[in-house]
Each structure stands twice: as C-alpha cells, then as structure tokens.
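Chain naming follows the written order as A, B, C, D and E, and within any one chain the residues start at number 1.
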Amino acid sequence: MLMNFFFEVLIGGLLSGVMYALVAIGFVLIYKASGVFNFAQGAMVYFAALTCVGVMDKLGASLWIALPITVAVMILLGLAIERVVLRPLVNQPEITLFMATIGLAFFIEGLAQLVFGAQVRKLELPIEDVPSQYLMDNYNILVSQFDIMAAAVCGLLVTTLALLFSKTKVGRALRAVADDHQAALAVGIPLQRIWAVLWAVAGLVALVAGMLWGARNGVQFALTFVALKALPVLILGGFTSMPGAIVGGLIIGASEKLAEVYIGPIVGGGIEGWFPYVLALLFLLVRPEGLFGEKIIRRI
Amino acid sequence: MLYREAGQFKTSYQADGQIFPILQDRIALLALMAVAIVAVPLLASPYALSAILIPFLIFSLAAIGLNILTGYAGQLSLGTAAFMAVGAFASYNFILRIPGLPVLLAFVLGGLSAALVGIAFGLPSLRIRGFYLAAATLATQFFVVWCLTKIPYLTNYSSSGVITAQPIVILGYVFDTPASKYLLVLAVVAVMALLAKNMIRSNVGRSWMAVRDMDVAAEVIGFRLMRTKLLAFAVSSFYCGVAGALYAYAYLGTVEPEAYNLDLSFRILFMIIIGGVGSVLGSFLGAAFIVLLPVLLNIVAHSLALPTSVASNLELMVFGALIIFFLIVEPHGLARLWQIGKEKLRLWPFPH
Amino acid sequence: MTPYLSVNNVEVIYDHVILVLKGVSLQVPQGKIVALLGANGAGKSTTLKTISTLLRGERGDVTKGDVQFKGERIDQLTPNELVKRGLSQVMEGRHCFGHLTIEENLLTGAYTRNASRSELKASLEKVYHYFPRLRERRGSQAGYTSGGEQQMCAIGRALMARPSMILLDEPSMGIAPQIVEEIFGIVKDLNSKENVSFLLAEQNTSIALRYADFGYILENGRVVMEGAAADLSCNEDVKEFYLGVSGAGRKSFRDMKFYRRRKRWLA
Amino acid sequence: MQMNEPEAHFGTTPAQRETGPVILDLKNISLSFGGVKALTDISFDVRQHEIRAIIGPNGAGKSSMLNVINGVYRPQQGEIVYRGEVRRNMDCHAAAKSGIARTFQNIALFKGMTVLDNIMTGRNLKMKSNFLMQALYWGPARREEIAHRIKAEEIIDFLEIQAIRKTPVGRLPYGLQKRVELGRALAAEPEILLLDEPMAGMNVEEKQDMCRFILDVNDQFGTTIVLIEHDMGVVMDISDRVVVLDYGKKIGDGTPDEVRGNQDVINAYLGVGC
Amino acid sequence: QPAEQYIALPSYRVGPYAAGGSGFYGGIIDYFNLVNLSGGVNGVKISWEECETEYNPSRGVECYERLKTKNGGATLVEPLSTGVAYGILDRLAVDKIPMTMIGYGRSDAANGKVFPYVFPLITSYWNQAAAMIKYLGDKEGGMARLKGKKIVHLYHDSAFGKEPLPVLEALSKQYGFELIKIPVTPPGSEQQSQWLQIRQAKPDHVILWGWGSMNAVAIKTAQRNGFPREKILGVWWAGSEEDTVPTGDAAKGYSAMTFNTPGNYPVLDEIRKKLYDAGKGNMADASRIGSVYHMRGVSAAILWVEAIRTAQEKFGKGKRITGEQMRWGLENLNVDEARQKAIGAFGMLPVVKTSCDDHEGSGAVKVQQWDGKKWNAVTPNWIVGDKALTRQLLEESSAAYAAEKKITPACAK
C-alpha cells in the first residue's frame, strides 16, 4: 500500500515533469540557437492557446479548422518578432535581448487579451483527462491517458529538435549563432532568416505546450506562469540541451512531488515553489552548466 | 557654448576624481537638490509626493542596490524583492521587539539582515554564472516569501499574515505627512546614492566591475572572487533591504509578504535595464520611467475615452513596445542616452 | 575598367558621436592583392567592417559615401548576401565559435554553398592541407585551442566559402613566423591560381608589401598615401615608420632611443 | 618614475648584461587537458632581472606555460620554485600577491571600464582601506586613492596614453588595448612580468615603442620579464635567454644566438632563411 | 452643475485576475449606470473613475492617490485586491474616505471601533469558514456527526489561504473532526502531489480555499485522480464561472460558497434591457450578466447606493455627501428584504445591517453547485456559522492591532 502510493507519486511527478519539459523545450530552442533567454515563452504559450480557442469561439469553428489558423498566426508572430525586435538588436549583450523579450511578453499578453478578451475559456482536446482504464485494471496504477499522450508528444518534439541541432547544417549554424552573432554574420549565415524560422518554430512549440496545458488547466492568463515551472528544469538540464529538458523535467517533476508529499508536511508544506530551484541549484554546484548543458568556456 | 569642459583644468587628481568633474554639472546637481529639498515639499501636491515621488525614490534606491549587483558586479539577479522583504520584515521585528529602538537604526538593521540573506544566497554565484545564476536567484524569491508566510513569528502571529508598519518617529518628530515622509526618504536615498557613488569610484567598485567584465583576469590581478562577489551581494542586498523597509514604512504602511513578489523583482530589473546597467544615474532615470510611464499611459488612455478593458490592454502593449523601442534606440539605457546628449551638447554646434 | 571593389568617400561614425573614417576611398582591381596599412586605431578594421556591412552590429553608421562590389552598391545588403556574392571576411581577433569543434567551425564557413558532401570534404581537405595543425585539433572545441590555432581556424573558415574576394584583417597576428610566410603563400596561391582578390589590413608591413600589388596607408581615418606596393616599400617615410629601416639599415629593437617621434604627413 | 632618464646600457649586448640569481625555477612541468598534452616534462629557470623569451610554433604550449607560472593552470607533475620556495599549489591570487603580473594573448582587459580604472585595478593589492571607508570616501581612504591615482598617472604618462585615460577600453583599437594591458600589469609593480605576445597586431614603429617600454621597465625597476613573442626580430634583439617549445616539449634553451643556431629550432619554428 | 457622488474604482482588467476584475467592476458600473438612468440617488448622479492597478499594490496606491482628489474628492473606494487594500488602509482615516472590502481582506476589520473607515461588507473569511463547517455538519445530518470525520483544507499558500485557519482549528477541536491542511504554492498550476495526498487521506470533505487559476487546476486534478467533485466545497473565490468553465465537465457536482443566490432578478433584467440592449453595458459580453462576479459587483454597488441613500436621509436629501458622511451611511446600513424587493434584488444577497461594532453586517452565505452549465443554489436558506466564535477571534485580533498601532478603540461620531 505504502509502496504503491510512492509509485503513484513518483509516476505522477514524472508525468508532470513531462509537462514542464514541454515548456522548457521552447526556451532551449531559442537559447541554444541564438543565445537569447526568451522570457516571452510563457506569453507565447498563452497567446497560442488563446488564439486557438478564440478562433473557435469567434468563428464558431471546430478545432480542426482553428488549429491551422493558429499555426499560421504563430508563424506570422515569429516572423514579426524577428523583423521588429531581433533584427535591430543583433550583437547586443545578452541582458539587452533578455529585456527585449520581457517587453515582448507584455506586448503579446496585452495583444492576446485585447483581441480575445480576458475571460477564462476551456479547451477540449479529443482525448480526455481521466485515468487510463487499461493501466488501472492491469497494473493498478493510476495514470491519466492524457498524460500518456503528452509524454508521447513531448518525446517526439525533443527527438526531432535534437536531431535537427546535431545532424543538420542549419543546426550547426544555429549553434554558431549562439556563440557569436558577429562571426556568424561574417561567415554568411543568414541570421535574419534563421531567426525568423526559429521563432516561428518556437511559436509552434508554444502552441503544442499551450494546447496541452490549456486543455488541462483552462485557457487563462495563468498559462504564462508555467514558464516558472520550466525554469528549474532548464537550469538543471542545461539551457542548451534538448534531452536535458526532458531529463531535467523528469527529475524536477518527480523529486518535487516526492518532496512535497514526504518532506512538505514536516516543514508546513507548500515547498513546491522553491524546492525545484534549490534542487537545481544543488546540481549546479556540481555542474555549473546543468546536467547536459554546454560547458561554459572560461579561458585566458 | 554654455556646456563646456574646456578651460576647466584639473590641478589635482583629487579634483579630477570628483563625481561630477564638470562645473556645470555640479551646479545643476546643487540646484536640483535645492529644488528637491525646498521647493518640492512646498509646492508638490500630496498626490505627487505620496504616489509618485516617494515610490520613485524608494524604487531608485532598490534599483541602485540591484545595479550594484547586476550592473557593476555582473551578477544577474531576479530576487530583489526578496531582499526588500527581508529588510521590511526585519525592521518591523526589530522595532517591535526592541522597545525604543530608533527607526533609522532599525532600517539599518533591516538592511544588515538583508545583507546576511544576500550573502547566503550569493554563495552559489561562486560557481554559477549568467542566466543559470539568474534562474537560481529565483530560489531566493520563492524561499523568502515562503518563510514569511510559514513562520508566524515573523509577522507577529498576525492571523492574516500581514504586518503594519509602526509610525516613523525620529527624535520625537512623527513623520506622518506626505511631505515629511518624502523628505525622510529623500535624505536616506541621497546619502545612500552618494555612498554608492563613492564605492564605485574606489577600489571596491573597480573590483566589482573587474569581476563583471572578466572574472578570470580579475583573479589573476589579485582580486578575490569570493570576497568580491559576496561583498557585492551583501551591499546590494543592504540597499534593497533598506529600500524594502522604506517601501513598507514610508509608502504602503500595511504589507503582506505577497507585496514583495516576483513582479516587483522584475520591475526593479526593468528599471536598471531601461535606465542603464552600471549607472547610478540610470537607476534614477529607470525608476522614473517605470513609475511614470504606466501613469502617463493610463491618463492618456483615459483621455481617449476608450473602453476600460481596451485601454488597459493597450497600455500593456504600449508599455512593452516602448521597452523594446528604447532598447533598440539605446541598449545601454537612458543614462547613456543622456550622456550622448551631453557629448553632443559639448560638441555643439559642430556635429562631431 | 571598373574596379572589382571600390570604397568611395566613406565616413563612419560610432555611437552617434565618434567619427572614425573621414572620407576613405580605395579600390581593389580584380585579381589583385591590396594592402591596407596604418597604425593602431587608424581605422583599418573599421574600413573592412564597412565593406562587409558588419558595422551595424557595433553601433557604427556609414553617414556618407558608398561601397561597390562588382559594379553594384552593396552597403545596404546583408553579410549573408555578400558572402553569397563571393565576398568573405576574416575578422580581427579570431571570433571562432567557441563551443563548436574546429571542424564544425570550418563547416559553418561553407554555409552559403550548397555543396555536396564530397565537395565539402574536398574543401576541408584543402584547408587541412594548408594548416596541418588544424587537422590535429579538428575534434577539439575551438574555445580551448591556442591563439594561433584559432587564427588559422578563422582563416580556414573563410576559405571554405570559396570566395572570389577576401577581406583579411591582420591574418598574421599571433602566428608563428614560418606559418605567417605560409599564410601569405596561400594568399598568393589563391590569388594566382584561383584569381581571388584580397584586401588585407596588416601590421606586418614588410611582408604585406612583399605580397601585395598595391597599398593604401591609412592615418586617423584618412588615406594619406597610396601606390604600387613596390613604390611604397621604396618610399623613405614608409621605410622608416612602417618597415623599421632607416637610411642606415635595420636597427636593433634594443637600440631605439626615442619613443615615437613621427612627424605626420597630414599635419 | 622618470623613464627617459640616462639610458644605462643601451648598445650593450645581452651577454654583457649582468643578471641576478635564479628567481623562478620550473622543474619537470607536465600538463595535459584530457588527451591533449600541452606541456611535457619541461624545465627551465628564470634569473632575476633578465628578459626571458619563450618561443615556439602555434599550440606549442607557451601560453599554457605562463598559465602554469601564475597559477591559472595547475600542472599534473613538476614543481615550481619561486624565490627559493617550492610552490606546488599556488593559485593565481597567491601568484599575484607574490609579485607576478601578466598580460594575456587574447586581451583580458575589463572592457566596460575606462583606461584609468583598468590601470588602477592593477594596484588593488596595494590598497589597504576597507570598503566602508571607501564608501565614505574620507580620510585615509581618500588619501590612499589619490596616492594610487598618482602612480597610475605615472604609468599613463610613461605609456603615452594620456589622451585616452577616460575612454572605455572596449572602444580602443587593438594595439592601444595591448598597451593598456601592459599598463595594468605594470601598475602592480611586479617582480616578474609575464607578457603573452604583447606586440601582436602592431606595426614596426609601435613595436619599437613597446620594446622601449619593456626594456625601460626592466632597467629601471629590475623587473624580471618573461616574454612570448612571434616576432623574431624583437625576441632576438631584446631577450637575454630564449626557451623554445614545440608540441609541449622543450627543444632549445640558451642565448638568442645559441637558439638561432640550433638545428631543431630551425626545423620546428624559425624555418630557413632567418 | 448638479451634484455628483464620486466613487474611486482602482480596478484591474489585465493580468492574471482580469477575468474576475472585468466582471466585478462591470457589475458595479452597470448598476451605477442604471441608477443614473433613473435620475440618480434623489437626483444626485453617481460618477466614478477607474484606474488600472494590475492587482499590484504600488500601482494601486498610485491609483488611489490619483483618484481620491478628483471630482471634488472621492467618497468611497473599492480595490478588490487585498494587497492594494492594505496599501491604502492607513491613508483612509487621514483622507476620510471609507473603503469596502467585499468578501476579502482581514476579517478583524469588521470591528468599526478599530477600523472606522474599513467595511468588509456581507461576510468575512472567518464567518464564511464557520458557515462552511456548519453546512458540512448539516449535510452529515447534524454537527455531532462531524466527529471523527476528515476534512481537508486545501489552500492557496498565502495570507489569504491561512486566514480561516484559526476558525477551522477551533471548530475542529469543538466538533472533533480531523483537519488536514494541505497548502498549494501559488499560482498553483500543478497540484498532482496535493491530490495524491488527498486521495491517500480519503477525506470526507475537501475545502478548496483557492484563488485564480488554482481552482480550475484543483478540479481538473481531482478528476484526473478520480476524486469525486461532490466532496469538494470551494470558498467563494473558487465559485465563479471562471473557475468551472475551463474545466469542462470536470466540475460537474462541485459546490462552492457564495453570497449571491444564483438566478435572475428584476435588477439584472433592467440592466440587460436598459443598458446592454442599448449598447451601454460595461462588459464586452452580455452573456456574462448575472455571472457570479457580475452579480457580486452589482451587489456591491447596491450596498453603496443604499449607503448614500441612508446618509442623504440624515445629512440632506439630494445633496452630495462627504466621505465622512458616507462612512456614517455605511455604518448605518439596513438593506432588509423590503429594501431588496424595492431594488429588484430580493434574495440576491443576504440582509445587510451594519453598526459600529459590526462593519460586516451579515455573515450569511449560501452554497451553490455547478451542474456543468451554470451554478444552482443548493441551500434554500442563508447559512450562518458560529458567530460567537468569530466574534471572539475578531475582538482579540483587532485588539492586538490596536495595541500595535496605538489606537484607542472607539466608535466614530
């Protein structure tokens, strides 16, 4: 019985971790490829989900019509961001770009609510968020079928993107850009086009995260906060590693739940807010660039 | 022709080491201080004093604190509000538990408590840098607020978890009007800004900047990384702590730990980036920008008679867009813009 | 004949206030090597960055003049378009991609080429042939290689684009003497065999003038002297200030009695 | 610090210059990074007051050698005897304290600071007042600051960089940055000065200036200098003794003339016709 | 220029709580407009001004300071934000502007002797918590049956979530049920571990003391873990459409507290007809009329208008009243059933009768249940908990505050 509960917590945590990883991927994508810490990722998640349900609401369209429209919107958004925000800021210090993405986050949040209104909406995916009967009957563990799908989607995304980075010419170029904008320009990497594509892809990743999180928690402003859950995953896994996002997500998810259940009651509970950060920090003390992140080169 | 340094020869290094080496700047500053001390309390409306100037000064102080850490020592931090919270709650407890403790001393003690917490959370900076550190400082933010809600002692067992700042009494004088509070805050901020400026132009300041620009080289030259970074954390947190205490005592009055949330940390961060990373002047300019801009936008939006929800969202969008706009125009912030303006003025009427 | 590359009366301002180039004009004829000489801070690197439009990222503005390459104005193009048209730059100060291995660094150089695997391999081989040291270090992250190795990597990376014109900013910096000779040998080689044109900013005047066809001397953001390389190396002023030989032949570095006492032509 | 004063032994040949006892002795130093052997069993010494050059092809391990001397890298094997004491675990702070200053191959200036501030950082080990006094900028702290400022200004005069003293170094051209870096190292008034390619990216005239500075420092203060340089003209002219490294091994050691004649050195580095 | 009664509305319509803010302030403004259409309060029109606070204390203070002097001075303020309310708490007595905190804020502020200018109207957190236990006891078939039962208090880990703890703890001692406290870290977008703990504990009831997005997540997570929603009882901040709609069907059977009886009322019809049909409604979406937040806003406005009316009766009909007089009006409110009928809101809110001792004026609440489409009342009558207990807590706590602030408790004249 006790053991069973432990496994339930563990599995629940791992699956939450998958959901975190989903958001973390968007961060990694942008960071690894341009050295920009994209604070607007959370806002993009919200924007994507809201656009999707907003289109369904306003046009009375079905999910299958709203989805392609949202994809188009996210791509346009990516292109616009590159043109308006990033292009004029090439070769600026990291912190400037970081700040610009904060400005961007405000803009996107305002835009989303202006167009679609602030009310909370529901988003229903064809798959229901109820315990999988099959697993319940056969293994007596409680796992929502929704989570299983989320895990599959997440795995697929990570694999694709990881392959993109490690195996293709564009991937190599992206990593080069992250190291040195100026030199990347000098060797003829079309920074602008690449960034446009990249942000469009990040928009799509945000859409996936937005759909899954939105289906789970409702489409509301709080979706922008899921970024906070993704941050410890990022620092633990490393800002520059796709697999790191998944592994980090699993570790954070599982340990945070176990801690809340087993340590929480001793100290008054509610430690989920800071525990993942402290955990990630402990890892960082051993590996300052996260588990799988690229080593920070310090040489003179 | 009015603004020239030509003809102002420095006869000693002491004169050259002044904070404002150009005479016109010194005169302008003195004039500004005179206005701030005499004219403002007399002429400004209570609204301007208590809703604009006081928070502006308090945020400037916090921004100086963060600038010391992030702008000068190069350690990006997202935990500013936590240090402010420590300052506020510690001051509250000191005054509460030590009868007769002078308020100013309590602020200092509050600042020192924040400094201690700062040192503790600064320790990881010895290994971790950049955005990793930034994300890790979020731990401070969440942990401190968590402690304040979990440990009833800190809020004097108040059932709702809020504290009420005691009245500010110094030498029998009660600071309760907007004007008197403003003067108190002004005095504290002016003195601390001066101290910050002094630190920055002496060896500590240089050690911070050296660590920021290239920590390996700084070590080779003989700076101790650990001491330098932790000192930056301590001093920065001290500033934030005092600012946090002022925020509670001279501004909000009654506060819950939630008032020092992540949002506040970010606002302070905006201030230094918009104002100028690594500039004391920038801290003031940035604070003014972030305090005033939403108010202006709000007023403009109202005068356009837009529906409120449209106006509110537009405000947010314009705010975000303006941040981006300023970064594009000048990534080094308003302080740099100001400086370029001055340089142009110096060259005037020649373009270069 | 229109020159291959021409810079016409260019003025550059950094940060809105710092005037660096004050009307620089120069030409590179096709298939020639042109040297750009000048003291520290003369504006050589700025000139090269103006041509390759990398100035924008450093908050520099071209306020006057224009740049033409193969008869077209190029100052509004992106660096990517320039590289595609055959104009590559090797930046001062190496700028290797620290986290990429040496080989990956070289491969990024071929980004604009739609080369097949075997073509890439051939190009790599060629670079390794020129710089055997790079072959040894091909698998290490560039950030951990020595200064000279990084310099070789930067040059090799530019070669990978198979440009028809290369802007070289101080290629010999930090390179051991015999490799310096080799690098210039490579320049000559590419120039004569593949008709690649070069504009090289160089401090090592003697070797630059030895290999160049033509030279410009830049001082304080102005061209103060230009001429055929051979003529320049015979000029007395150039000899004294840039080649370190005065009437009595080369002096020992130990015996220089005075600090810089140069009279400036422009004064 | 009047540097242009009577020039004592200009025109003297290196052999005639008297050098002191061994101040720094490196014994069997080996250093490797993962698979890369940067240094293999290298021994050489540096005498007081001499100018000791290290040369060798790219990637030979010269910079790594300097990094070992001032404690940035810790060799896996070997020992360092400095002023008669064996120092195995010297970190770079301790090295700086014991009078070793240096410049770097890839300029390591503090880019956001002015020239003056950069040079002042070189004096940090000599500053005694604590940060509270500095914050008050009062009394001893202020006097100290001004005293050090005077020293820094002397160096600025010496290096002829008065005009740029308030310019942020990030904006300076490469050559001037090298000069500022030298200034920063000099500000520490070191006993040993390690220079890593101080003349890269300079033209002849600037190199002449640089040599002048180096020789003057060496003469006036008796500062021992360890120098890495690829310009053979410079190395042969100003150094007293030369170590030659190749692939992390020592292949030659001696006076410039000896080294010039060494066949190994010619093969590995100088090439023919030098 | 006819006299206008000016009210300051530091509101929020962007950010995480925008959904609630737009409904609440929408309701207030709708009712104001309605009153103005019929000539105002004895001819005195109501005017107001909004200012966006983003739920941020410091922006809220700025808004308050900006709004308070406009149009001849504000005579009432309502920020609907605990943080902002605390930020201006100390300023109210100086400025002589009363503030209402309808359904939130510190419960002990109901003591008008210590907090003369603060009005936590209708019901405080403490009374609500007491009412919740009362309801659960009734549901079990009598308070005595609570003995040995397990009740989970799943709360937003903040001052807000901890506020009811003294009441719940006292009641748990009194009635012998086991109180299990499980905090959720704000903003609460992940609650797997909490619900696993709950499932493990097998409680008889779960009190969901949540806020914002935390509520929907709680309900969804309960569903994922197969916990029956019928056993969950939410606080009124967890009992609006915004909390249940996003969960889809998961919230079916979930119930929550409210101080408005769901349903339709003549006053809402009027708002629909006279305002929205004429294109003058405040909310973008007319279907939100009568939603929980909207009704809450309308109720707030009703109480304020009644306070104005009451004050006018004493200080002069048809005249603009001052903030001090407004304070008096709020302190002498009596919105009884007859008055409610006259307004067209009979039964929409409990009877509210205030006094110097009792700035709350009621303490009665109802329970409503979500049927998948809308909220329905499940208790025909208003429920009142153990008011003696809450009164005692209130006295203690406000006395401590008075001591800390050096206030001598006394009724204002």
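Observations
Here is the rule we use: a residue touches a chain if its C-beta (ideal position, glycine included) is under 8 Å from a C-beta of that chain, and two chains touch if they have at least 3 such contacts.
Which protein is which chain? UniProt says A, B = Branched-chain amino acid ABC transporter permease; C, D = ATP-binding cassette domain-containing protein.
Here the structure is a predicted model, which means the values were calculated and not measured.
Overall, the chain located most centrally, as judged by its C-alpha mean against the mean of all protein C-alpha atoms, is B. Looking at B-D and B-C side by side, the one with more C-beta contacts is B-D.
Averaging Cα atoms per chain gives one point for each, and the point farthest from that of subunit B is the centre of C.
In whole angstrom, the spacing between the mean C-alpha positions of subunit B and subunit E is 36. Centre to centre, using the average C-alpha position, subunit C and subunit E are separated by 73 Å.
In this assembly, the C-alpha centroid of subunit A lies 32 Å from the C-alpha centroid of subunit B.
Annotation for subunit D: residues 72, 104-106, 108 touch two or more other chains.
Counting only residues that touch two or more partner chains, subunit E has 13-14, 18, 22, 157, 185, 284. Residue positions 142, 146, 149, 214, 216-217, 220, 309, 313, 315-316 of subunit B each touch two or more of the other chains.
On the subunit E side of its complex with subunit B, the touching residues are 11-14, 18, 22, 25, 49-52, 56-59, 61-66, 68-69, 82-83, 86-87, 89-91, 106-108, 157-159, 162-163, 165-166, 185, 282, 284, 393, 397, 400-401, 404-406. Taken in their complex, subunit B has these residues touching subunit A: 70, 76, 124, 127-132, 134-136, 138-139, 142-143, 145-146, 149-150, 214-217, 220, 262, 266, 269-270, 273-274, 277, 309-310, 313-317, 319-324, 327-328, 331.
Touching subunit E in their complex are the following residues of subunit A: 5, 8-9, 12-13, 15-16, 19, 109-110, 113, 117-124, 129-131, 142, 144, 146-147, 213, 216-226, 229, 256-258, 260-261, 264, 268-273. Looking at the complex, you find that subunit A touches subunit B at residues 31, 37, 84-85, 88-89, 92-96, 98-100, 102-111, 113-114, 117-118, 228, 231-232, 234-235, 239, 267-268, 270-271, 273-274, 277-278, 280-281, 284-285, 288-290, 296, 298-300. Of all residues in subunit C, only 14-15, 18, 37-42, 45, 92-94, 133, 137, 140, 144-149, 151-152, 170, 173-181, 203-206, 241-244, 250, 252-260, 262 touch subunit D in the complex they form.
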